[in-house]
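Following this line, the structures themselves.
Note that chain A is present in both complexes that follow, paired respectively with chain B and with chain C.
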Partner chain A sequence: MVRSGIPFVAPMVALSVAGFLMPLAVLAAFSFRDPAGGFGVGNYAKLLADPLALEVLFDTLFLGAKVVTLTTLLGLPIALLYWHAGPRQRSLIVFLTLLPMLTSNVVRTFAWIVILGRQGPVSQMLLQLGIIPFPRSFLFNETAVVVVLSQIELPLLLLPIMAVMSRADRNLVSAAQTLGAGPWRIAWSVLLPLAAPGILAGWVLVFASATTSYVTQAVIGGARHIYLPQYIYREVGVLFQWPSAAAIAMVLLASTGVVMAALAALARHPRLAAHG
Partner chain B sequence: MASQDRVYSIVVRGLGWLAIAFMVAPVFVGLAMSFTAGQTLKFPPDGFSLRWYRALFDPALSAPIHAAIWNSLKIALLAVAGTLLFAMPAAYGATRLKPRASAFVEPLMLAPLVLPTLVYGLAALIAFTSIGLYPSLPMVVIGHVVVFGPLMYRACVAIASRLDPSLEEASTLLGVGAFLTFVRVTLPLMVPGILAGTFLVFMQSLDNVSVSLFLADARTSVLPLRMFQMIEESLDVRVAAISGLLIAIVFLGLFFARRVLEPSQTS
Partner chain C sequence: MSLRPTRRSVVAGLAGLAAAPFVASRSARAAGSIVAAAFPGSWEDAYRATVAPVVKAAGTDLVLAPALAQDQLARLLATQGRPAFDAMMVSPGQTTEAISRGLIEKIDPSRLKNWSKLLPAAQTEWGPNVTVEITGFAYNPRLVPKPRTYRDLFDNPVYHGKVGWIGFGSNTATLAWVEIAKAFGGSEDDMSPAFKMLAEHLNKGAVIANSGNQQMALYQQNEIAVFMSSVGNVANLKARGVSCEFAHPTTGSPALPVALHLVKGSTNAEGVYQYMDAAISADVQRKLALPPTEILPTNTDVPLTDSLKSFISDADIKNLIYPNWAKINPNRAAWSAEFDRVVKK
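What follows is the complex of A and B.
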């Protein structure tokens, strides 16, 4: 005699509809409101005709792609390390992943100002090696934004991979070994497909987070490299162009949606879905 | 074969620990910076002192920061309370739904996780103001409950789905009502999930910018935005002291909640 879960779920469903779906619907409707009154695609037409807005949009999507790439390059060795580690070392790796993840983004961004600043360790090391003639700052460029965001988002990629791996069947690896596969072959043909659902889940989180991290983009990128969140905030808070901000937000949402749909389709690919 | 194994092991270990060092180093840089005796963000710091902590705690000098900390703590605690009221019971209920109902509920509960929170912040601003609710502290709390509800939900679902239904049945058979059974039998069993969820929601709320940016009014300054302004304006070293305090909270929380936050438990 298990009781029905409906009464327990109902308040949250109501909150999600009123507090989440309704605002999104209003945002969508608002984006079609013309400044002159009436409805139409004017905001979108203006957006597509504005080279600055388009540049900001593509820079932001590319930023997301670059951060996804770098986090993957950094994350895969950690994932393999985690796979081969014993229980105590696994627990240490999880701790070292949760520690930065739970540390405030603003705090980590601030730490990077120290690291990349004129008096920071990077500048001093390069100075002593004679690579740069005098101390300089490595902030305020896109490479810095990509590096910093990769450090900030890396745990979001690692945790889903570790979750998948901690449930994985070790017999698959033993079988591959028995069949004579070397460690590289196993990593590529067994472990990578095994971790694929976690990697794809992580990519979605990293992309969504990297494209919208207002503070890091603003502080590390500086005033010359503007991304969509700052652009949207300027439209709303400074220019009071709410309908046009809504249109840009919808474009960001749609772009993220396309990326996620592509990844979901990839996850259903037979080679990847086999183990998932 | 053996040499191939050795190369593999060295490469994986070398690159793996290097990547972990890259991931963790900024936390320790932030912590070390907070104890500098110098006036600037020179690293390694010029000597050791607690002067920036003293400056941070000075009630006259740092009053605006204290107000922001106070607001952020209020928001974070209310957001935790909100997710406990809405998301925690929903996680329990969702494990007791028919498959068709849960196929509808599950994605709805988790959707805010994958939506860029900045887009949600703007959507909430437009929607709430259109029905006469203007940016204020309660609006920020509602926004945080919606956006971080899934964290509480996910942490609790992991536990709730493993509960033994016979415990509740026993309680019901003994004549205890549904509500009391939930409070006295089910809730205590869900404590690990609740703790993990509370910690996650609290930390995320304390750090949130993208929702607070749109839903907080000019009077309600919140800590991450205050820190952002301090960084942009003057690179105030007190930011390092705030960072040190926040990192200490993370260490404390991880010390207590670490077991329940393991990836095999929460996702």
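What follows is the complex of A and C.
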């Protein structure tokens, strides 16, 4: 069975090797090249000794954590709604979740420029309510980046949760009610463990996507909030320092990889995996 | 026939897949086509609509690859020996870099029919200049008065919080920063006064964008009312109905010639010559001088349109500033890093 399946997976394997693993290996090798043409860890040493680079690295990881937190706060009520909905309503919720993904990430980001801008609806509403004395822009700050990224990445959290919940047995809730559990107890002891594998999978996707989302970080954050993707672009596109950019890219890969590996390990925990 | 794969068939299949992109690429290039990098947006659109048909008529398919000048250099550096483009479109800052890094070749002007029609200043041994971009201030007359000097933008409170700035990745911005440095006592190789002013100005609401395109998007949303711009960008915005005017700094407008270069290692030099000849021909430049592109012609047979004359007078042309890129380029990386340090919150 395994042997006969090889031709079907071969194109995907070949594409992954040629389009991902080989370039990644080249990138990794490049990151060890020093300006004189030799090999060493000079690019990494320079990066880790640069306070600005370290600040950018931690800002990027914290940005990912903040987006994961906000998407979770926004996503869990929708997931609960999905759990309680009937088949038609569930289809509608899935459709509405997928709907923003039919529009390009770039278009959605530029739409937020209008929403958060000086003449945008947020500014105008606050002005009309007398909360701000004159129109002001809500762009170019980290809160805006977190809000926009959370809206853009929300489907990546919701879809795995919905996939897990659609397979869960509703009788578990009935059993808990029969045993006298209240709504909060059911949510905490039954629904949350049921959804946990989906939540963890969603966290991995949201974290990876938020930390590497060049367009949204650059357009909404402006040049005053620098994250690693912009830092890499600057090294390549302005300074032409490919080895240094490769080293930063490897650090970004490693740091997001560590977080994702931790989340994946958590998802394999016996108590959570048992519900998957 | 058995569908069960053997090790040999799997290896052959994988090898075939791996070779496919190279086979396709070779056949596409062998068919008389060239890949030319062009500035994204209005330049790319205009060249696709105006230059490509002329090159096609000469027997070459022109494939335009949108990329900013610095991006073009970065991509060529990444693909040395097998260049991603046959021709590049850049300004003197990148030309100097491309020459010093051995990325472009000198051309043979005798292979260009329209060479003799070019302004003498547009004839360089590394390729023809297809225009001179004149840079200064783009401003919204409904929101701010006309800026006159670079100092105005810092000294006059009416501009505070309304000016968009970008870093040294952009040629236009680099020229503006050099002029700002000079205005405050610096020079082409001393940027410290400009960084000092920028640091002070950040507390007064300076908007720092990531790119020229982002700046134009912010301008259209009234987030900023002034930005450092070429005449072409202002013409483009005006043609779209946006309230935008161009102002020449009284200290002189920095000029940015735009040149086409033959990339070293190109497999179709003849096609590149056809492309260059089309781009400097009178017919093409006459069309590109019209709105919305309004690209200043370098072919002497093409007169300035009335619209272009409204942007640039003879006095303005005499007052153009041609910066010394040999002094600027060695500092650009350090300035770029310093810019990030100054603006980082």
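As a working rule, the second predicted complex is superposed on the first by the 272 of 276 C-alpha atoms of A that agree within 3 Å, B and C clash if a C-alpha of one lies under 4 Å from a C-alpha of the other, contacts with A are read in each partner's own complex, and residues count from 1 in each chain.
FYI, a contact is a pair of C-beta atoms (placed from the backbone, for glycine too) under 8 Å apart; a residue touches a chain by one contact, two chains touch by 3 or more.
Quick caveat: nothing in here was measured; it's all calculated off a predicted structure.
> Name the contact category of A:V41: first (chain B only), second (chain C only), both, or neither.
neither
> Between chain B (first) and chain C (second), which does A:I6 come into contact with in this model arrangement: first, second, both, or neither?
A:I6: touches chain B and chain C.
> Please name the chain, chain B or chain C, that touches the greater number of residues in chain A.
B
> Just to be sure I read the superposition right, which of the two partners does A:M260 touch: chain B = first, chain C = second, or both, or neither?
In the superposition, A:M260 contacts chain B only.
> Pick one for A:L52: touches chain B only (first), chain C only (second), both, or neither.
It touches chain C, and chain B stays clear.
> In the overlay, answer first, second, both or neither for which of chain B and chain C A:L205 touches.
The first partner, chain B, only.
> Scan A:Q230 for contacts with chain B and chain C and give back first, second, both or neither.
In the superposition, A:Q230 contacts chain C only.
> One more residue to check, A:F110. First (chain B), second (chain C), both or neither?
both
> I'd like to know which partner A:A246 touches here: chain B for first, chain C for second, both or neither.
first
> Looking at the overlay, what does A:F140 touch: chain B (first), chain C (second), both, or neither?
A:F140 sits against chain C, while chain B stays out of touch.
> Would you please give the residues of chain A that touch chain B in one complex and also touch chain C in the other complex?
3-4, 6-7, 10-11, 13, 15, 110, 113-114, 117, 119-120, 218-219, 236, 242
> In their shared complex, at which residues does chain A touch chain B?
Chain A reaches chain B through residues 1-13, 15-17, 19-24, 26-27, 30, 74-75, 77-78, 80-82, 84, 91, 93-100, 102-115, 117, 119-121, 151, 154-155, 159-160, 162-163, 166-167, 182-184, 187, 204-205, 208-209, 211-215, 218-219, 229, 232-233, 236, 242, 245-246, 249, 252-253, 256, 260.
> In the complex, go through chain A and note every residue touching chain C.
Chain A residues touching chain C: 3-4, 6-7, 10-11, 13-15, 18, 52, 55, 110, 113-114, 117-120, 137, 139-140, 218-219, 222-226, 230, 234, 236-242.
> Mind listing the chain B positions that touch chain A in their complex?
Per the touch definition, chain B meets chain A at residues 1, 4-5, 8-9, 11-13, 15-20, 22-27, 29-30, 33, 40-44, 85-87, 89-90, 92-97, 101, 105, 108-109, 111-120, 122-128, 130, 142-143, 145-146, 149, 153, 165, 168-169, 172, 178, 182, 199-200, 203, 206-207, 209-210, 213-214, 224, 227-228, 231-232, 235, 239-240, 242-243, 246-247, 250-251, 253-254, 258, 261-264, 266-267.
> Taking the complex as given, what residues does chain C use to touch chain A?
Listed in rising order, the residues of chain C that touch chain A are 3-5, 10, 13-14, 17-18, 68, 70-71, 73-74, 77-78, 97, 166-169, 202, 207-211, 214, 217-218, 221-223, 332-333, 336-337, 340-341, 343-345.
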